[in-house]
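Got some structures for you, see below.
Each of the next two complexes has subunit A plus one other chain: subunit B in the first, subunit C in the second.
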Partner chain A sequence: MSLRRYLPHYLMIAPFIVLFAMFFLYPIISGLYYSFQNWNGVKPPAFVGIANYQKIIASRDFATAMRNLMTYVAITVPLGILVALGLALLVDNFTGRWANIFRNAYFMPVVLPAFLAATIWRWIYAPNFGLLNMILGWFGRPSVNFLNDTSTMLYALVAVDVWVSAGFNMVIILAGLKNIPVELYEAARLDGASKRQQIVHITIPMLGPVLFFVVTYGLISAMQVFDKPWLLTGSSFTSYGGRRNALLFPVMDMMGRAFGSVRFGEAAAYGFILTVAIIALTAAMFMLRRWKWRK
Partner chain B sequence: MTGMSLPPIWTILKWALALSIAAVALFPIWWMVNVVFALPGEPVSLNPRLWPTSIPAGIDKIRLILTETDFLRAYGISLLYAVLTIAGVLIIGSLAAFEFALFDFPGRKLLFGIVMLSLMVPTAVTIIPTYLLTSQLGWLNTMQGLVIPGVASAFGLFMLIQFMRAIPMDMIEAARLDGASHFQVYWHVALPLCSNALVTLAILTFMQTWGNYMWPLIVSSRPEMYTVGQVVGLFNSPLSHQTVDTVMTANLLAAIPPLLFFLIFQRKIVEGIAMSGTKG
Partner chain C sequence: MRNLNKLRSGVAGLVALGMIGSAGAAAAEDVTLQYWVYSDFAQGEALALQQEFIKEFSAKHPGVKIDIVGKGDDDLTAGQVAGAASGQLPDVFMNAQSVGAQLVEVGALDNLYSKWMAMPEEYRAQFDAEALKGCMPKPDELYCLPYTGFGSLLFRNLTVLEKAGIDTSKPPATWAEWFDQMKKVKAAGLYAIPDDTLVFNSVAEIYATSGGNDSWGFDWANRKTRIDPAIMTTVLQKFVDMKDLNSSTSRNDQATKDLFISNQLAFHNIGPWVNPTYEEAAKTSGLKYDFVLIPGDTAGKTGGIRSYEMIGVAPGPHADLAFEFAAFITEKSQMARWAKLLSRYNANAAAMAEPDVSALPLIKLSVDAAHGAMDVAAPYFVDSVPSCYNSTVTDIAAATADGEYTPEAGAKEMISQLNACLAQ
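On to the complex of A and B.
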């Protein structure tokens, strides 16, 4: 019998498959079901059709969160990757021990949990006695309340974000740099190409697939940003987003609806709206890449 | 030196740039250390915390936070959460990776496809329903509630499959001929051969679990089940009356395990992350 023959295989994958089905596949399906229900976790759920979706899209917080998200993603992803690319090229210019030392130094912030990065920077940004304001003070500048001034809050978050993620992306780009055949550079040098020309015509094109991964992955994680703005603004489920919601992002809004206002159906629907946005953006990235290849 | 054709001015600039970026990357961490190892209440204008000024004061602060607050318990919970998650991810991940990488059975392609597809599904969509399921199981504020939902890691499976694929079929056949059972082949042949990958995955899982803020925040909402991340977050909240000294001491203690891991396993960590990016 074939079942007997294959039984050992199925037994070995069973623990993974069972837990995966239970804590990954089932939640997706139940989440879709909840998203059409009005449910506070206590009373039995009541079917409300697409009312949750309509309510979210019409809400002011959703508009604010999406607007913040678009500005944030548009700044932090390109900036983070440019910095990472610069760091990788810089580290690649060193050899031996120093290459390792600089790589490790730039990577160190990645090792810290995101919640720590946020809490350390909260004190660096603190008004009056914070490190940054102390430096401003040396130049005779007045103290800025970076995390409570709507004109600086988003940039304060971007700075923390780049500080944390640049090292991560740098390591991936460095691995990509190592995979570029040395012969290409030698040939270019023989043809009299300058260092700058080599970067533009060999390094960047050969890094294509790696940069594509880094950008796509960066976009997907930036769209789900949570820990850093949550902690930088000292948020809780009853009050989040910082002053005038300047650091309100979709996942924060979703978590607030679930655990602050206890509207689980609405929060589930929020997750699906966000997922559709993420998938659409990812698909657009893949289409862009294909279109570029054909050109 | 690769920068051989560069004039000396460029070499100087290169070093200046590299060193100043290193300062920006490391200073916030260094600053945290200095705040802890300074006399409490010293005004910043007198001591800008550019270097540690009082080692005994720092040790006092650490002793205070470990004895007067619940930080030590949170530390234990975070460690247990990380260790159990690592064990789960490694055991069930390697069992499944062994099958997916080396054998064929009906349904293999379909199951593998579904798991790989899941890598593209954002956490945002699963977190609320997974919380609801955990709550229905009665697992809120329990260790199993923290650990089990995160154990079936598609990323871990993917990484282990990449390594297991390199195991030569001959070795498996040879073990079979020697009379080894299917499980013995996994245990005595496959596992030792991918021990490198297991260590890398264990380290990455540790970093991820220790740094996980969102899941504990909703699943273990009772103070007696707080993780380090939550305590650090609470110390920082606008309602807390903790001073910068206490907060930074908590931060420093929370930073020690991952920093220590990094100093010991830096090559493995960097390689693991580079691999996930260039092969994925």
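On to the complex of A and C.
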């Protein structure tokens, strides 16, 4: 009786369920299966237990990649959101044509293909002739090799990342800003609140859910960083990570193991380690939020 | 009326069946081969010549169509690995010998030995024996036909050398002479050389100034590196010595070419593919440069590495025809035309000996460079090199240049880490 009653509903969600099972569930389950196998992508897999996981965790490159990732995430996520918030507050002050111009200008890097963005930044960072070094030269500063000096490489990547991601985050924050009732600001102004006090006591608390989304999404994206460091360091499947692996990140190492060394079992295990780390971090974010709500 | 409709339907059905049948017969005759090449061979004059080869081959093989597809280095490898997994491999393809083992492992490469042996001796004798040996991990296994290749060269900016007071008429004959010139260039306020610790191939190039094939590459039977600690100590000392002389850009960076073209960099040790850029700069901005052999530690020994791109054939129903096409494009006449167009050395020794090919200065020197050079990652087609190998070499070379290890300690640490990496 209930099946007949809900049959149309099941039929309507069936396309989603089928596609979800084919393109999400199956790859995840098969990935988990292959992470316990010695598998080169073609030949029959052979069960190796947790050997792939042990091999990855014991490897020198994994430690380097994780160390780089933690530093990168700790800098790029807060900095990216601060810049996006600043831009959104700036653009929010404009109306009409100027608001559109600024919004589109800041959003432009988001739609730029990664290889093009990397090419532009390789030119900006180039020693001696690059735009940045030319500017440094005007102030009598020596040329800096941003993409080969291990003390600057990570920050050079962060700058590119913030440049790309700020526009996307700005649009989301801007939408959040538009939803804050103007009456709150009017009341605050009547009470004599300064602009800074309005931002701290009205804007940021009212943006809470939006900022939570932006932070969570930023963390998940940052944990999977791949294309920008890959392109900035001119990496290939057999050689990646730049000078002294200063821009080596987990997804790059995973790709190298998969296609450079045809160790797909190992790459699958790598993917699962990263997935667990992302899930743990996201869960921590949600728990923190719930705890703050309860407080 | 109903009967007429039935008749019409019957006739339409028969016509459709007939059409399907004739299409099936045509499909049996017509074959389309997928031919994957490097993306720079799929544009401009290179593509035009490749298409001419295809046209000539198709003229001799009616019904055979060849689709040429250009792909970047990583896309070639990823596409061939994924193609092997899905059973959708291209029939004939290019790639580097250095990724050959991965392709053999996933079954993307056919063993061509029996087809090769069935070819006339006249054809087989055309190839450079060393280049061919690189395709043969065992006497009865041949996984590729060697194609274009390189022996690395030393590009010299003559203006920079003259500014440094160096006599450019005599290229450096030994490492000591070369290093002395580098110091003079630095003293003149210019850069001597790119940072050769940044790229695996450039570390190998400097290693080749002291060592050779007998102390480089992999001992796959014992899963150990063949790098000699004493030679690597010497080489790491060279990186320490060059630390203050280099441009801190890698040999592959556009910035390195810019420095060379703008008369700020004296030497660029790299393969011949940079020559078109420098040739153009000579025409448009008056760049004065030449290319010579990379000097080794002793007179007569040359440094540098060699490597080949290869033509591979996928196993499958079209493997025989695909091999025929691969043999056609690697044959002397085609390889001579290919070499003349690109001014690039290739593995067909007979083509390289053609008077109008060997007269080209870049090819002439490339032949000498390749003969004296070290194979970059031999032996090929045995086992895939773990991802940690190349990064360990460049990391420890860079760390030693930065002063974190003494050359002796760096060499010891490198060999220990490489053995651990290969043992994984």
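Odds and ends about this structure:
Just so it is clear, the second predicted complex is superposed on the first by the 273 of 295 C-alpha atoms of A that agree within 3 Å, B and C clash if a C-alpha of one lies under 4 Å from a C-alpha of the other, contacts with A are read in each partner's own complex, and residues count from 1 in each chain.
Definition applied: contacts are C-beta pairs under 8 Å (C-beta built on N, C-alpha and C of every residue); 3 or more make two chains touch, one makes a residue touch a chain.
This structure is a prediction, so every number in the text was calculated from the model and none was measured.
When both complexes are superposed on subunit A, subunit B and subunit C occupy overlapping space and clash. Once the two complexes are overlaid on the shared chain, A:93 sits against subunit B while remaining clear of subunit C. Put simply, more of the residues of subunit A are touched by B, taking subunit B and subunit C as the two choices. Look at A:41: by the touch rule set out above, it reaches both subunit B and subunit C. By the touch criterion defined above, A:234 reaches both subunit B and subunit C.
In the superposition on chain A, A:201 contacts neither subunit B nor subunit C.
Of the two partner chains placed by superposition, only subunit C is touched by A:253; subunit B is not. By the touch criterion stated above, A:145 is placed in contact with subunit C alone, subunit B being left untouched.
Within the superposed three-chain model, A:67 lies out of touch with both subunit B and subunit C [touch as defined at top].
In the superposition on chain A, no contact is made by A:292 with either subunit B or subunit C. Looking at the shared chain after the overlay, A:261 reaches subunit C, while subunit B stays out of its contact range. According to the touch criterion, the shared surface of subunit A, contacted by subunit B in one complex and subunit C in the other, consists of residues 41, 122-123, 126, 129, 234, 236, 259. Those residues of subunit B that touch subunit A in the shared complex are 1-3, 5-6, 14, 17-18, 21-22, 24-26, 28-29, 31-32, 35, 43-45, 48-49, 91-93, 95-96, 98-100, 103, 105-106, 111, 114-115, 118, 120-133, 135, 148-152, 154, 157, 182-183, 186, 207, 210-214, 218, 229, 232-233, 235-238, 244, 247-248, 251, 254-255, 258-259, 261-262, 266, 269-270, 273-278, 280. Only residues 2, 6, 8-10, 12-13, 15-17, 19-20, 22-28, 30-31, 34, 41, 87, 90-95, 98, 101-109, 111-117, 119-124, 126, 129, 131, 134, 163, 167-168, 171-172, 174-176, 179, 195, 210, 213-214, 217, 220, 223-224, 226-227, 230-231, 234, 236, 250-251, 254-255, 258-259, 264, 267-268, 271-272, 274-275, 278-279, 282 of subunit A touch subunit B when the two sit together in their complex. Within the complex formed with subunit A, the subunit C residues making contact are 73-74, 77-78, 81-82, 84-85, 98-99, 102, 105-107, 195, 197-200, 247-250, 252-255, 258-259, 262, 264, 384-388, 390-392, 394-395, 398-399, 417, 424. Within the complex formed with subunit C, the residues of subunit A that make contact are 40-43, 55, 59-61, 122-123, 126-130, 145, 148-149, 234, 236-241, 243-245, 248, 253, 256-257, 259-263.
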